[in-house]
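Below you'll find the structures, each written out as structure tokens.
What follows is a pair of complexes built around chain A, which joins chain B in one and chain C in the other.
Moving on to the complex of A and B:
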């Protein structure tokens, strides 16, 4: 069974997701010891070539899979500590991973998820066809709200599609087709499950799909480990071989902390961008 | 600002950083003590170590079924090999925990905690 990591990256004018994916993919390859493939679009490939990163991309990724660029259907406010910038958010094609992945067992990660340990290697042989994180783990520990656990006040459990591992088979095909169906009928599902549909979220679609496929029950099946997350109100202070130094936001102040040898999801894209070369040095 | 209050705020900052460092270290070790085998996921803890050792002591060391974290039955063909793997993992993870915990304990400022 061929196993590997898949990352999606579609650049917009504000955020260089491709460069982020280079760092993220390089770290995944280094720490998990498996091949990594990139799913991207022609304009992002052109940008990689223009930025002289194409050779690096060919070294890092086993395959670079060119797909149609998702439409700019939604704008999102990307927070950067106390500042923010609004940009298109192209996250609507994750359900196509089942068709696109070159692997039998795939770990799909977000390009802002950086792997610094081999902890996820324990899950390749797990007998579950699909594993998704069920828990958000705030780096500071105490900033988890109800909507980080459930899709709405009255809705089902939210899943964290930041790390998804699956085997390519008929069961998972049904799952990803259902995710696509939910995405295509997002408003209808928002009426049924009572969630805020102003911005498309894979976490919500994955949560509902799993709820439906488990017989409309909350399951206690195998899951990926909780996603250690740094919310976008936090800042990256420095990145070096001693770890990632973060400024985590409190009510009126910031707390400095250091994360080392942990897989980490950094939601502040601008903060990653400011330190992306340092992330690349760690590959 | 009065010096006493300034010192208290400095100490408060130190405690906040200390709390995050301890939390993330504990989680790192928990991840190291998660062990995938034969399709199951095991949490390496004293219960599992004792249970496996007891089975071997009772001459039940081949084709043994052990319940994993999800209470699913997992067949372990060679329990001695399984025991050796989880013991190795347990000792290396707890030693690392001890070493890093001592470093944190001895750090008396935010700067030393994050260095």
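Moving on to the complex of A and C:
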């Protein structure tokens, strides 16, 4: 069974997801010891070539899979500490991972998820066809809101599609087809499941698909470990061999903390971009 | 043949129709439980209440019983049951799948077992003590009388039920002495059960950790919602389908449902349950 990591990256004018994926993919390859493939689009590939990162991409990724660029259907406010920028959010093609992955057992990660340990290697042999994180762990510990746990006030559990591991088989095909169906009928599902549909979220689609396939019950089946996350109100102070130094946001100030040897999801894209070369040095 | 059955005790009130709820529960038991584990006894103050029901055969025993006035007759469950092994249930519950194997478990391993957990409609453990301040503040075991298994000739069960009757009979005396940190307005069956278990020091014997019973408790304030809620159906739908399956919101209910809102059992739901029972028969 061939196993590997898959990362999606579609650049917009504000955020260089491809460069982020290079760091994220390089770290995944280094710490998990498995090949990594990139799913991207032609304009992002062109940008990689233009910014002299193409050779690095060829070294990092086993395959670079060129797909159609998802439509700019939604704009999202990307927070950067107390600042923010609005940019297109192209996250709507994750359900195609089943068709696109070159691996039998795939770990799909977000390009803002940085792997610094081999903890996820424990999950390759797990008997579950699909594993998704069911929890989000705030790096500061106390900033988890209700809608970080559920898709709505009375609705189903939110899943964290930041880390998804699956075996390519008929069961998971049904799952990803259902995710696509939910994405294509997002407003209808928002009526039925009563969530806020103003921005498409894979976490919601994955949560609903899982809920439906479990017979509309809450499952307590195997899952990926909780995603240790740095919300976008936090800043990255420095990145070096001693770890990632973060400025975590409090009501009126920031607290400096250091994360080392832990897989981490950093939601502040601009903060990653400012330190991306340092991330790449760690590869 | 094992003498096992479910006991439903009804104190019919003026503004409720508990007998109809008991009838719905009995139908759901007949529809889902294995033969031999589907017997139901109804304890009622006046047999006339069931005369209009089409399928009174779902009650294997109908026992007329006039408990002391103003009392919850559930306190007498050990004395009124016709079975050697009994599970006493609240009337406002529904069964959706077969739990006969758990009845077998209790018969083989227990003389007395009281439910000590409840779940939300989303299948999560209830952790809120909103309705149970008396329990947490007085350090009482978290017992729910809505599912109580007992063996008729058990000494342990006799001691327990005798004491809980004494508590119900003398609520002032017992709450003044034992429920000092938070005195409940009414010492109900749950409080009396918990206090009796505490005084006898048998909580670990009669409410040890077990994956069953899983009872979904539909009181509004314990659903892990981000806002206060009086009644659940103000916020999520209650969908009863042709196969007598229930969905609450987007959640299929497969555990025992303690629906609390008595108006959920309509003539239509009764008709659906009856139809299934007739076909099964």
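What we mean here is this: the second predicted complex is superposed on the first by the 283 of 283 C-alpha atoms of A that agree within 3 Å, B and C clash if a C-alpha of one lies under 4 Å from a C-alpha of the other, contacts with A are read in each partner's own complex, and residues count from 1 in each chain.
Keep this in mind: contacts are C-beta pairs under 8 Å (C-beta built on N, C-alpha and C of every residue); 3 or more make two chains touch, one makes a residue touch a chain.
Please read these numbers as outputs of a predicted model, since none were measured by experiment.
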| item | value |
| --- | --- |
| Partner chain(s) touched by A:127 [first = chain B, second = chain C, both, neither] | first |
| Touching partner for A:46 - first (chain B), second (chain C), both, neither | neither |
| Contact breadth on chain A, by residue count: chain C or chain B | B |
| Touching partner for A:217 - first (chain B), second (chain C), both, neither | second |
| Touched partner set for A:184, first chain B, second chain C, both or neither | neither |
| Contacts of A:139 with chain B and chain C, given as first, second, both or neither | first |
| Touching residues (chain side chain A, partner chain C) in the complex | 146, 153-157, 192-193, 211, 215-218 |
| Residues of chain A defined as touching chain B within the complex | 117, 119, 121-127, 137, 139-141, 220-222, 225, 228, 242-243, 245, 248, 250, 253, 255-259, 261-262 |
| Touching residues on chain B, where the partner in the complex is chain A | 13, 16-17, 19-21, 23-24, 27-28, 31-32, 34-41, 70, 72, 110, 113-115 |
| Residues of chain C that touch chain A when the two form their complex | 122-124, 223, 225-227, 235-236, 247, 249-252, 254 |
